[in-house]
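Got some structures for you, see below.
After this come two complexes, each holding chain A, first together with chain B and then together with chain C.
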Partner chain A sequence: MAPALNIVAVTSCTTGIAQTYMAADVLERCARTKGYAIKVETQGALGIINPITPIDLRCADVVILTDDMAIDDVARFAGMTVVTVTIDDILSAPHEIIDRLTGSQK
Partner chain B sequence: MNRFAQINACIDQLLTTRVSHKVWFASHTDNYPENAFLVKFSRIIYVLEGEYLTAIGHMGEYKKIVLQAGEVIFIPAQTWDLPDWYSDCRALTILFGHYQIGMSLTESSAEGKISVVKATINEALQQEGFYLEKVLNDLALSQRQSPVSGCVAEALLRYCREKTVDKEELPQSVTHYKWRAITLYLQKNFGAGITRETVALEYGISANHLSRLFREEGGMGFNEYLTLVRIDRVKMLLSQYQMTISEIASRTGFKDSSYMGRVFRRHTGMTLGEYRASYGR
Partner chain C sequence: MKNKHTFEYRFPLPNGLHARPASAIMERVKPLGCKVQITNLSNQKTASASSVLSMISCDIAMGDQCLIAIEGESENLAIAEQQLLQFLNGDFHNCDDAVVELPASDDKKPLPYMLQCEPMHSFRGVSVSPGVGAGKVMHLGEPVLMLSVESVEHGSIEAESQCFAQVREQLLAAMKLEAQQSSGEQQAIVRAHLALLEDPELVSHLKQGLLAGLSVLGAVLATQHHYEQLIAGASNHYLRERVLDIRDICSRLIVTAYGPQSFQTVEQNLSEDTVCIANHLAPSQFLALDRACLKGLVLESGGSTSHTVILARSFGIPVLVGVDQARQHIPAGERCILDADNRLLIADPSSAVCRYYQLEQDKLARLSKRRQRYLNDKAQTADGLNIEVAANIASAEEALSAFANGAEGIGLFRTEMLYMDRAEAPDEEEQLAIYRQALECGGDRPVIIRTMDIGGDKPVDYFRIGAEENPFLGYRAVRIYPEYLDHFKTQLRAIFRAAVHGQCKIMVPMVATVAEARWLREISNQVIAELAEQQIDHNPKVPLGMMLEVPSCAFIIDQLVRYVDFFSIGSNDLTQYFLAADRGNDRVDYLYDSLNPSFLRLLKHIVDEVHKAGSWVGMCGEFAGDPDHMPLLVGLQLDEISLGAPRIPEVKEAISTLNADACKALLVEAISQETADDVRALLARHRQASANDLAILTPETILVDADCRNKAEVIKTLIDNLLVNDRLIDVQGAETAIWEREGISPTMLGFGIAIPHCKSDSIAANTISIMKLKEPVLWNEGDEMLTDTVFMLTVRASDAGNTHMKIFAQLARRIMRDEFRTTLATCRGQQELMAYISQELEL
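Moving on to the complex of A and B:
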């Protein structure tokens, strides 16, 4: 059985119009179908929604970050297992990304 | 120049140079491109300069369109569009979130390079802004050209422009947050048999306090707000789905279909059947 995993993620895209939010939805859906806990912070034109708190960070096993745009405050993820992906990766193959996490988890 | 100043300068220029705006409406289609943009909130795009290339659902079909400066496109929530950034264009997209209004000023070139300025207003659409967006949603559902659409799109832009004036992130009062939380609760639970009393109980306040909260923060009464949310859903179900009237009544929290019919008529000036005949797919 797959181990339970706590995931935190930050999504952001160049225009901040739609993909940021679509990627958040799809990550949440995929993680949930695999039985993992996930919290996704979006940094788009609506500002920062669903911000990751220090408590979330402490509980998190792995971090997913998008690299299409500079993420605000990346320093908070220092020392954690970070998987960096593009927004397109998330939208085209979300399940593979979630599967990759179990491998990256030591 | 800060982000708001840049965006405001663009809005002001658009408002002073253009008189009428042609408005396109994206509509629902059963199939849409895999990489299309589709989100939970509505968006509006004002083309400032150049040509904006995009694709939308139009009369149930995929349609590529080219917008000129001054033209506008409105995309309701859960409706797709697919912009192609490979053209010389400057456009302002405004996003209407549950808690925020987002603005994204995009500048693209024929090589597809894009630069963006983003700014956020930390409050949702309220009062006249709230109704203006509803009008555009209604026009999008009806899929007909209306002489007022350009004026409404401009009015919504003027509303947003005014909201960016003194944006040093004003702290909102606790009662305001409470009101917003309750409006979201209503938007999720309108289908259940909720009343002023059950909602007051849920939030641990008295029914009278709840009414006061709505009058003071929202400018409309509790029941008025709840009815508006329900009527919105009735309109959506009537126009997009082949459900029976009694099915719609039970899904939207009306106690029976004849009561729903009366309320609907009072709000829209149309009977349910007339609405379906003119707005249905």
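Moving on to the complex of A and C:
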């Protein structure tokens, strides 16, 4: 059975050494406990890790982007449902963010 | 008909209502013909505006709301009130200077974060000898009253009263004359003092004393005491210090009555940790102080090259100069901290400020423990190249502490101090004793005695050199020796005679030509011949060397070696002569930079030439005293470096981490750079490369049971720990980077965990630091989240995408997981934590 929701996300924080990865980790685990599929691309000191592919994009229902730093190549998300949050939002209230997605998704 | 008006007034002056503004009010009120009273509504104290003292005792500080009552004949009252208001809202604002402290923004280097957060009563000066010291304030050179109430003649009440009236009239007349003849700041102070002497309250208090049967001295002292007590209770620090105004007036009354001998300056003994404040201090006065108790020195005037300062530096005593009127601002007996590293003099420090200095002291103690072995070990690079590390001294007394600090010799014994602050030159016997003392102290270690460097910038009365427009390019050092040949020969004789007591070398400053070198050799041979003829015990085989500080010499080394046995590069003067930039001129001092690649090329040329000629070359001067420069100095292959003794262990340690071949390659790269900043960047990269081998997490970077009281202490402690473990390029830069990141948004994560982090050029080695706190601290202003576990990630700016980054990312992900945090909370010791995290991160 296909997951109820298919999420792609990009995280990127100011220095790119800590919160980028913390946010990715917490989003991944939170979405999975709810039975959703998720792929998180990190744009940090390690460069782009786990990049979102065109196929990922085609399957995705919703996009989460952090807005602490400019995200590389936002154009690829044009026309999609994009939810913009801060890294701190993700770290402090990941469940609320995921829950909000079901409402925002058309 | 009499009438009374009142109005409220908010006191506008930053230093409160002290003598100067109070006397300005009094002068304005006098011609109004009205009675004016001021009530400080914050403490309900009331004063008459016709008495400066009564106004001062109201303890009015900036911002205090005051009620001003003006009483007089009704027809004049409105005009008088208007005039008074006009004054108070106008000119009055200009009758005092702004707060004495310099704003922190004036400084290029910001204060450490912990100090920025703390309100301090502090003063800025110019740091001329680094370090931090704390103790009670002692004013040096302060005159002491030599009379006592019992010892002075005591006439009848009438006689004493009459005498006092005369004395007061005489002093009033003298001060009025002074007020006329002075201007600006000084005039304002004289006027303020004059107002005190005319103050009805003060005069009536004095007269009461006389009527009670006191002598003039007794009455003056009683009045002084009375007002000292009164003002000492004021809450405003600046007002409390106005005690000095009263004291000044009383002293002048006493001197007028009993003559100038009433006060004398006596030397004081230090009996506890003391910070001495003086206007200026002669080297002899400095040496007379007990250095075990002397924790710091503040000079109101005096530059960075005075000999007292040179002495203090070599004894490791912190010195701040140019702290204007420091004695007026900080009373004797008050506790203070002198932080020369931050150009700060802090009066009556708060407990938070003391805590900062406690942490600093802990850090320094750990650093010096780490470097302890270099007190005995010789300086040697990791691959076994020796470079002698010697000390610069300016008196024989210093030799002992220099050797105790690990000096392998004395590379520069400046002798001009022997000649200064005295009426005639020291004779041969006196010099012999001094040189002998230093040589015996050295034993078989070399002591290089530099003959006197006296001239325009270091004037000595009995050498009639006079002021010169450009003393650094003028008549000084070796250039004056032919005129003062007797003095020079006396010095040489003393040195040759002392040389039988140790490993002595002679060095001559400012040699610029072969002719001078040849002349020096001739004179030296003459002196030896004379000593031999007179059958005076001496050592004729003392090597004769010269300072290399005039650029011309770089190109005649092959010729100079015919006459001199060794060289020592005086990097300070050589830099300023070579780059034609006066380092005392702040408009061109940016040019004065010994890291300028052209200067490094000059140094390389000099060392190569000297070695080609089979001779020996050292370096004395500030360039040799900076541990950051060691890769270049080792790369130059200098035979010796000589520096201020306190930095010797640090410099030896820096050398021990270097590889001589790598340093030679680095020097070649350095001289191909285009700017001094490029060289600095190159040095930083070299430093980072050598830190590459350090593990990202070690037991040393884990602190458990840490006793930190707040976030600022946590960050300082963690950063200091990185420094102690040699993982930083620059402490302040690293701390600033961490706080800048916190400024964007605090890194509190919840779960009692905070993760301060930064990416910065100031980091030498990528590090994970972990701290478990004894007591949790508040991390964010404004919320109540407590932190008891801190992960600090410090990353080099240049690194990206390497294995260290992966570890950081991995750790970041782990921290988000419950099971990781739970296990972490149960780990107690350093080892246990280390083991668990290593396993989790697969280190």
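List of remarks:
Operating definition for what follows: the second predicted complex is superposed on the first by the 103 of 106 C-alpha atoms of A that agree within 3 Å, B and C clash if a C-alpha of one lies under 4 Å from a C-alpha of the other, contacts with A are read in each partner's own complex, and residues count from 1 in each chain.
Everything below uses one rule, namely that a residue touches a chain if its C-beta (ideal position, glycine included) is under 8 Å from a C-beta of that chain, and two chains touch if they have at least 3 such contacts.
Just so you know, these numbers come straight off a predicted model, no measurement behind them.
Once both complexes are superposed on chain A, the partners chain B and chain C clash.
After overlaying the two complexes on the shared chain, residue contacts for A:G47 are found with chain B and with chain C alike.
In the superposition on chain A, A:L91 makes contact with both chain B and chain C. Set against each other, chain B and chain C touch different numbers of residues in chain A, with C touching more. By the touch criterion defined above, A:Y21 reaches both chain B and chain C.
Of the two partner chains placed around the shared chain by superposition, neither chain B nor chain C is touched by A:D73. In the superposition on chain A, A:D99 contacts neither chain B nor chain C.
The intersection of chain A residues touching chain B with those touching chain C, taken from the two complexes, comprises 14-19, 21-22, 25, 44-47, 49, 91. Taken together, the chain C residues at the contact with chain A in this complex read 741, 744-745, 747, 749-750, 755, 757-759, 793, 795, 799-801, 805-806, 808-810, 812-813, 815-817.
Across the complex, chain A is touched by residues 35, 37-41, 43, 93, 95, 97, 99-104, 106, 114, 116, 118-120, 122 of chain B. Residues of chain A touching chain C in their complex: 14-22, 24-26, 29, 42, 44-47, 49, 88, 91-92. Here chain A touches chain B in the complex through residues 14-19, 21-22, 25, 44-47, 49, 91, going by the rule given at the top.
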